[in-house]
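Heads up, the next two complexes both have chain A, just with different partners, chain B and then chain C.
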Partner chain A sequence: MLDVAIVGYAQSPSWRNAELTEPQFLFPVISEAIERAGIERRDIGFTCAGSCDYLSGQTFAFVSNLEAVGAWPPISESHVEMDGAWALYEAWVRLQHGDIDLALAFGSGKSSPGRLDEVFSLQLDPYTLTPLGADPVSLAALQARAMLDKGTITERDMAEIAARSRQSAADNPHAQIRSSPDADALLQEPYLTAPLRRHDLPPVSDGACAVVLATADRARATCERPAWIRGIDHRVEPHQPGMRDLTESISTRQAAKHAGVDDAPVDVAELCATFTHQERLLREAMGLDDTVRVNPSGGPLAANPVMAVGLARIAEAARAISEGGAGRAVAHATSGQCLQQNLVCVLEGA
Partner chain B sequence: MSAADTAPAEDGPVTMMDYFMQLEYHELLCPVVRRYASQLLEGRLVGHKCPSCGLVYVPPRGYCPICVVETTDADEIVLADKGTVTNYTVVTPVQYYGQEETEPFVRASILLDGEGGMMNLQDIVDVPVDDVHVGMRVEAVWKPPGERNVDEISNRSWGSAEGCIDGWRPTGDPDVPAEQLRDKAF
Partner chain C sequence: MECVLLRPVPEPPRTTHTIEFPYTRTLGPVIGPFLTGLRDQRILGARTPNGGVLVPPLEWDPATGEAIEPDLVEVGPGGTVETWAWVTQPSRKHPLDHPFAFALIRLDGASTGLLHAVDAGSMDQMRTGMRVTARWKDERIGHMTDVVFVPEAAA
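Here is the complex of A and B:
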């Protein structure tokens, strides 16, 4: 495999209801990522975007997003109807050909115009689950209930994860929720969808993230401390949640193993734990012990721009290495309900 | 989300199930389109002229995607409400569920006079569909000031002036030669 590193990244703020259009808020994010990478836009050999037309309710919305890239004269580009983390994966694969040395990956989404519970129930089996209105929060509640019944987590653990995540986001200018009452206070709140309380859920967010990748020589030339991608892998489990043991994440375990998470100690992990209980599940699947700093950015519980939130985990992990002095970081992204599909990326400073 | 069809099945095995669903979206108007809409209500078509390449965008987008530069109110210009048909399609409606049109109608691209700017997907009125042609000179048919609305203006409208301009009618001026209109269609 060719060595590839992250040499630039940028994120928009996370808004509850952005008045800018998706291409409008992508525009400065892509420009900033390119500028921070210290490269020229025209030197990018491949561009890949991640977004979801169902979120904005507009056919071919992903084409408008290219207006923020600079696609004239024509460029080589691709799109995944997935989180931008999978766009980064495609860009990494493209760089393995060895004929280009720079690639741009970005993810963006506006969750605010529609209703996420309705949109995401359409991801499911159209015969049995979609007509039931099986939405992400209800399914996550079933998963949390299964973990509580199994004794792998308590409601107090979940409240502590919520409080720690949002308090960690205090210094993150991209986050939407940047403070939290302590666990005792959170546990006084009523259930939203039992056993989940409001604090167990992520906010509804609009936002974008962009990352610039470079092959070895180019990375060393343009970046003082690149974040090297030492392993990246993604695995998927059955579509039907009823066919899975929701109390563990086999696909995360496999992706982590193939990405080499346990080859050396991990300093920082940025996990796409969209619901509190999933952080526990992911830590166990990846074998991350208590010495690992999990989601110092606040993670998805502090800002959840769907389609950008996974790529933002990779950008935050890269930031921990390039700016924060971490030696080894793990980033995780997810797709589907109850952690159906998972991507794990291992980054190192040297 | 609406419920599945709950009518009782007729005798025999159920081989088909109707499932009706809908998704609703409510998006805030972005500032440049809000400004465009407020100007439409005043009877003015405005756009942004790219400070780098001079291309005119209507409605304004807040950037020029060709040059990758942002545009602002400082780049706003008032556009002509006369122009030339550069291309068109005759749409023959198929009576699918929700289709309200019954007769063939035109959707045209119009290059505005003067500074330029392309209005796309515009209705051509007061003329038989078969007489619409490339190079035809047209002018906007504004609704009277008291009857204007911007209810249908959204961030995703491509040159729409619905609610303020009913369509474009022939002026009777001589045609513009088609060769002068190349690369001026949506």
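Here is the complex of A and C:
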């Protein structure tokens, strides 16, 4: 495997309802990532985007996002109908060919215009799940109940995860929710979809994230402290929620093992725990103990720009290394309902 | 300087588009019989090579990815709630228009949980491990919502 590092990254703010179009708020994010990488736009050998046309309700909506990249003269580019973290994975694979030395990955989405419960129901089995209107919150609530019944989490633990995450976001300029009442106060709130309360859910967010990748020589030449990708892997579990153990995340455990998470101690973990109880699941699946700082950015409970939120975990983990002095960081991204598919990326400063 | 004349704009024209997919399709050897079974008040599962029964039935084994020869067996109509979520405010896409539970239901004879709705009346009627049974619609069309589940005590 060729050594590849993250040499530049940028995020937009996370908006509850962005007035700008997706290409409009992508443009400054991509420009900033390129500028921070200290490279020229024309030097990028491959570009990969992650977005979801279902969010905007238009087929080929992703094509207009290329306005923010600049596609003339013609560029080599690709798109995944997934979180930008999977766009980064494709860019990393592309760099393994060895014929180019720079790649750009980005993810973007506007969650605010549509009915998210109905939009995300469409990603499910069209014969047995979508006709029931099965929505992400109800499915996550089934998972939380299974964990509560098993005794692996309590409602207080969940409230504490929410409070800690949102308070951690106080210094994160990209976050949307940057404060929280304490767990006692949160537990006074009524159930939304029991056993989940409002604080167990992420905010509805619009936003974008971009990351620049470089091969070894180029990374050393352009970046003072690159964040080296030492392992990256993604795994998927059965689609039907009743055909896997919802109280474990086997695919995360497999991805973490193949990415080499437990080869050395971890300083920081940025986990795509979109619902409070999932943080506990992910920690256990990756074997992260209490010495690991989890989601110092606040994570998805503080800002959830769908299709960018996973890539933002990788960008935050890279930032912890390049600017925060961390030696080793783990980033996680997820796709599908109840953590069906999981990507794990291990970053190191040396 | 260019002069722009502002005039009242007439009512914009309106056009109605009806989008259709004017074709029929078959749902295949597994989902087809499963949905037809619902029309006929029968719930079918697929027997896997290792002796499990998948509900809903699949054409492949999720544990191994191997193709399964369709071997459909009837399960239910009773079953046990494995986990549940109480939906306080149903959406227009949900199968019931009043508060209900989504649940994973292990139907009698099945080895997996089926996602479906339980019409329990109120949240305090729900608990993990409770018994539920199928309640069929009078008019069935071979669709997931031909059935909902109710507490066995209320059936």
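Basically, the second predicted complex is superposed on the first by the 350 of 350 C-alpha atoms of A that agree within 3 Å, B and C clash if a C-alpha of one lies under 4 Å from a C-alpha of the other, contacts with A are read in each partner's own complex, and residues count from 1 in each chain.
What we mean here is this: contacts are C-beta pairs under 8 Å (C-beta built on N, C-alpha and C of every residue); 3 or more make two chains touch, one makes a residue touch a chain.
Treat the numbers as computed from the prediction; the structure is a model and nothing was measured.
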{"item": "Three-chain arrangement built on chain A, chain B and chain C clash or fit", "value": "clash"}
{"item": "Touched partner set for A:W72, first chain B, second chain C, both or neither", "value": "first"}
{"item": "Touched partner set for A:S322, first chain B, second chain C, both or neither", "value": "neither"}
{"item": "Touched partner set for A:T222, first chain B, second chain C, both or neither", "value": "neither"}
{"item": "Partner chain in contact with A:S297 - chain B first, chain C second, else both or neither", "value": "neither"}
{"item": "Touching partner for A:T21 - first (chain B), second (chain C), both, neither", "value": "first"}
{"item": "Touched partner set for A:G242, first chain B, second chain C, both or neither", "value": "second"}
{"item": "First, second, both or neither for A:S121, with chain B first and chain C second", "value": "both"}
{"item": "Which of chain B and chain C A:S165 touches, first, second, both or neither", "value": "neither"}
{"item": "Touching partner for A:P131 - first (chain B), second (chain C), both, neither", "value": "both"}
{"item": "Identified clashing stretch of chain B versus chain C [75-83, 93-101 or 129-137]", "value": "93-101"}
{"item": "Overlap of the chain B and chain C footprints on chain A, listed as residue numbers", "value": "115, 118, 121, 127, 131, 133"}
{"item": "List of chain A residues in touch with chain C within their complex", "value": "115, 117-118, 121, 125, 127-129, 131-135, 138-139, 141-146, 149, 191-196, 238-244, 246"}
{"item": "Residue ranges of chain A touching chain B (in the complex, touch as defined)", "value": "17-21, 23-24, 27-28, 31, 41, 54, 56-58, 66-72, 110, 112-115, 118-119, 121-122, 126-127, 130-131, 133"}
{"item": "Chain C to chain A touching residues, read off their complex", "value": "27, 31, 34-35, 54-56, 58, 62-63, 82-88, 91-95, 102-106, 112-117, 123, 128, 143-145"}
{"item": "Complex interface listing, chain B residues touching chain A", "value": "1, 4, 17, 19, 21, 23-31, 61-63, 65-66, 68, 70, 155-156"}
